[in-house]
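Listed next: structures, encoded as structure tokens.
Below, subunit A partners subunit B and then partners subunit C, in two separate complexes.
And now, the complex of A and B:
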């Protein structure tokens, strides 16, 4: 067995709470990493995985400190190094690839200058041979046309290219360990796959050890040999990746895996008992107990220890109990009910363009770029159409046009056979406005931070209906109940809610006008997998209960698969394939659809 | 509102905030009650005692015409405060509305309005002010409206810049998609989000306007004599400064303490609203 490269013993990181008691963010973590091996850290946001990763570089967020335990990386303790040694250590022995490479690169420096700086700091290379080394590194991370790239600024690169440049910079100092903090989260599926393939190749070739942090267990599965599942700062399950992915034992790992919609599989979502509950780190018993469906009396009293169980380590006392209780699950996606063949929304030959006319009336109009070309589709009442495509494929432009905010477009769009959706929003009747509503991608931005939830929900009610104050209150209560939020929340401001709760409020606001059609613009892409699952479940419930018609736009195939009845695949502004969901996913015809489906892990 | 309460508490937590708020409140209270507390008639002259230094009877001494300087200083801020407080309110209201509208509309409207603003900003305010006063007189109303108009032009720029930061956010888009009218979007959606920046701007504008008003009086265009006014008092007593400094000193202290107070308050306000915070690197 090779020497452990990284050894963590009983590490706890935390801050001092208001009452003087230490609150651990990372709690009693033991980990080992051998040379050339890869380890994944998975868990939902707030579980402490990034904190743990940064601690390996000797970095603690302000207010955080090491409470207990030891870290030894290549025999050194990063927390005990002085500034100068730490600078050599970071980038030399250990390199970090941050979540958003675009923001990690200095925006005002050309790529070349940034690469040269990395080489100057972390390698003993003479200045003359640095240029060659850059080309080597770019070749290694498979960046085409390096000569051209070097002269560009970071914002002139695509997300995938930025990530590759960041990777090349990290590899510059020949680090022994690469730390990756959600390196593919912001990328679309095809780019993501390419980056992951590259990472696996590098891990194999150069025997660089990797610690890979992600909330996406599928991504981890593609790259890592071993995986550690974290919850509330603790490792709850640790073992070989393929073993854990196929046969999760800890109840949290099971919940995490079941909340990811998978292609080609019936998606049976079991709602976690209380998704709103935060992760409580100060319980005397098992941290997961409040959300666990197998919770027993011992769970609440005693903190479980990470114990060896066959091929892995698991932190749960109920294991034998769970094995007995779990029956092979196999739900079936119910056939969608046909509620009459009424076309609620029909779009005919829609083309959207962006005009680049400045305010000079004489400027040429030649820069007219079509982002959507002759797109047509119909949606039957109560059905859901999923519109799938990579970023930049024109999905959002279509939604903007339908809601009346797009200025330049051609084509026809009809709502309920009586409203013309080509009229801009300012000229639409209230009846028309109330029938079609939109939910935006990011609830942080789509809710006014200075408006209470009650005010946000009351706005549409005031516009569309003449209601008295008590009636508005009752209606808000109904809406909050419909999205499964307690009425007390209505006095809060968006900043006081979690991401999933905010999206529920945004959905409630869209439902206020009792619309027939709900446009959903990537509404789950900013959310955690488990929250995403609960939002999808909510939409399904609403659809069944209120006969809503949904136009659901997403780049995430599995999510569309879980929700939609029909699907249309967009490529560069054109629909390249459309049909029933099962049909498209089981037998895709268009090569682009095939590549999209293949790219999903 | 708890938000306003919290801001106030934060302002008062710093020493400079306490001092600033105390000075401003002191001057406002003084301006309201001074007619009832002054020891003498502000216009009563004593020829025998002109240029007399401070004494127990006359704390600030007497000016060229033998009037009590202390009395006149206490009264001297009334008109300045009246004009500038309402002037600032006018400036903020019209400047914010136009600025927000311009930033929200964008395109040609915005371009046209910004060029108009540039044009106005290119002309020295003092000359415009003198021009208006020469043609319409120097009544309180004219001064208020003119100062309010001129100082609102700068507000347009700030309100527009702040609005530009907000219009691209999805909540504005959501409001448009709901079919809200432009003014509802501006006042109910955007204004609460740029309010902080406007509040700090208002405090700064106020102190500048006060200086401008005093400058006008100093030049003899602001307040008509014999009404007591700091700027006017300084102008009149200036030439005797080597001989009798007190008639200049007292109004100077009064004016500068008010301006310093407003500035300290604005600084503390900006700090407590997080508007001057420097972004720190995460790693």
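And now, the complex of A and C:
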């Protein structure tokens, strides 16, 4: 069959701006998809990839509408279907696998009820044989012990299982096209790899076409044949996945690829001049021009068109120029200066337990559960230790103990040979408090939304140092400069900053007391890859410039490897392997470390 | 379907909560007793007023065992309570159960009727308003609800009387019945009080259901259910409503408790012989044992309805009910 399964012509989706002019979120997109083929849509958050995906099911977020263009999926336009036909179309012809299956399954209905519903709506199966079909589907998505899962509620499954149930539900109606909206983003690396393997297998076997949305180009590469790179609502590069991954041509694709830390490669990030700049969708010229390092005069005047260039389509007028300019990527691994061999932080036989104490005075007293078991490590001044492990491995408990928030633990922890870190935070001296600071995972939650940035930064200064108002101002200026934010931002509130900028503020606040040790708890995992890259670069700069010692906790092995000097791998609360980064990567000994490294794409 | 492990967990929890409710009531009874005890004078002095002297006072005190120590009297009272004996009314000289019983029955009839019609209506209106959010339907439902919520209930009651009883003559304006009238007679007279209570109560619950329904409708699982191709009614009733009702359960329980406590103003406006009016009379008569008993009854109503609401929330939200270790 030569007719394409999906054909999108000049599709624009957007909302009406305050001045009455339509603002496109998706701008003039043309795409085609053949039966049984797989296409990836990649780009940073806010580039319109999910909006485009949902439009294929005739679904628009509130306020959004189709501005122009045509969609034809199996010859049907979801926007033109009446309600009854649309209900058959959704789930029958095309099915969605959501980003976060844990949120996407109805919490008050059992798995069985939700599966039965899908079968009843979209298959002619008689009621008696539906249950068998569910078990078949569960078997198909490799869910263990399917019969036992039926009577459970969504929250009783693990993240990987929830995602598999969502996949089984999508497959229930035998759709011709599967739409996947970041289906593995919330999962840890090992689960992610297993789900991706399953997806490729299903794509291959069932000849179901797939449109796969992700911000992670590595994930796309594992599943898709073709990939479309999106920026500011437009497709900027479109072609075969392996070609684009190996030889990106559009400057944005290049920046996107270089911002992903890769194992075994010295990580050199070319910081775009202004990565924080908003994507202005109404520029007359190329949308990427403000961030582009190859920007030329024509880029600003004229909107480029997606044009054929050898094996792919690219939307850039500077291509020949770029090909000339690209120099071999100069890899330099930041040599951390060794400033003596002073141990800044020593942790000895630390065990953390989680006390479950009910309010009931006579019930069995405490059910003790060890989350961290006899962990020991030392960090030399100016060095960075990366703690890696999956969720629940006890990473955060260690940090909480060191900062004095954990109540029940055993073992020793010393800061600078002077301060005992087993003291709870309320009993620590000011000197001790100022020497160790923490940056939290989610800057939305760790910054007070009603406090201006200036106030947030001035507060620790007032607590720890006796400074006059002009001195505080100068100090805030220094902190803002250190995290590469303009001083004007200090008058803003956290809500007026982007996620990456907020995390910079959180880092600046932690630096205010001039700490020797900075604890970082998954501080990049809520951020986009390109923003993540800029934060890692910032930490590297701070480390080099100020001799800062970092304890960096993450589930993301490549991120840790890009930043850390030493790494410790945590498995179920115990360090199973530790050593220099290069050594662990090149010759992992522990089978768990090996599986982690293998799982990284 | 509840399996064994779940059942034993639930059972333990329910027993714990019921026990805690009794402990709470015990504490409340002490507080109520102590508060009455702190008033200047004693129950007989309060009741007899200027006549509280000489033999009359002594007789009264002897009759109501006021010559014993407060701790002894609390013991007698509490022991009586445990056997369902509330003590005797000073003014009416009969057991308090006989005084409170029929009036409480009247209040319960009135309250349950208002709740039975009003709560389902409030939920339905809340769902409709949320579905048509910020459109005409929502505007009218929410607007009218807020209107009745802000008007004091005695004005609503008076307006309803002049409309339905004086103008149209459809319903009796005030209730004229004996305290222990048969149920059929009660029902024939309570049209307007029920309507008044409903108008006051619906708005609170409707607004709560509306806002929690709006949250649920914006959630990922509702979007997912839409994209699964579910028909609208199924989406609303099966996927959205149970989740939207959870936060409203406690509010609904509080509303019922408020109704069961006897809504004084409505009972006065309509001359309805319920517990609300009885409590005012008890205070006016300085019948302290009666005041004490009513205070305890109200506490028991609030505690038990709260307990019921908590248990219901527990039953309906799988996350709280199943505390199994994650696989």
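Just so it is clear, the second predicted complex is superposed on the first by the 589 of 601 C-alpha atoms of A that agree within 3 Å, B and C clash if a C-alpha of one lies under 4 Å from a C-alpha of the other, contacts with A are read in each partner's own complex, and residues count from 1 in each chain.
Please note the rule applied: contacts are C-beta pairs under 8 Å (C-beta built on N, C-alpha and C of every residue); 3 or more make two chains touch, one makes a residue touch a chain.
What you are looking at is a predicted structure, and each value in this text was computed from that prediction instead of being measured.
By the document's definition of touching, of the two partners only subunit B reaches A:425; subunit C does not.
Contacts of A:87 after superposition: subunit C is touched, whereas subunit B is not reached. Of the two partner chains, subunit B is the only one touched by A:459; subunit C is not. Looking at the shared chain after the overlay, A:100 reaches subunit C, while subunit B stays out of its contact range.
Within the superposed three-chain model, A:491 lies out of touch with both subunit B and subunit C [touch as defined at top].
Once the two complexes are overlaid on the shared chain, A:59 sits against subunit B and subunit C alike. In the superposition on chain A, contact of A:441 is made with subunit B only, not with subunit C. When the shared chain is aligned, subunit B comes close enough to touch A:404, but subunit C does not.
Put simply, subunit A uses residues 54, 59, 96, 98 to touch subunit B in one complex and subunit C in the other. For subunit A in complex with subunit B, the residues that touch the partner chain are 54, 59, 96, 98, 359, 403-405, 425-426, 428, 430, 433, 437-438, 440-442, 445-451, 459-460, 463, 506, 509, 513.
Against subunit A, the residues of subunit C that register as touching in their complex are 1, 3, 16, 219-231, 234, 238-239, 242-243, 316-319, 322, 324, 326-327. Residues 54, 57, 59, 86-92, 95-96, 98-100, 103-109, 117-118, 121-122, 151, 153, 155-158, 161, 166, 169, 173, 360 of subunit A touch subunit C in their complex.
For subunit B in complex with subunit A, the touching residues are 107-108, 111, 169-171, 173-180, 188-189, 192-193, 195, 283.
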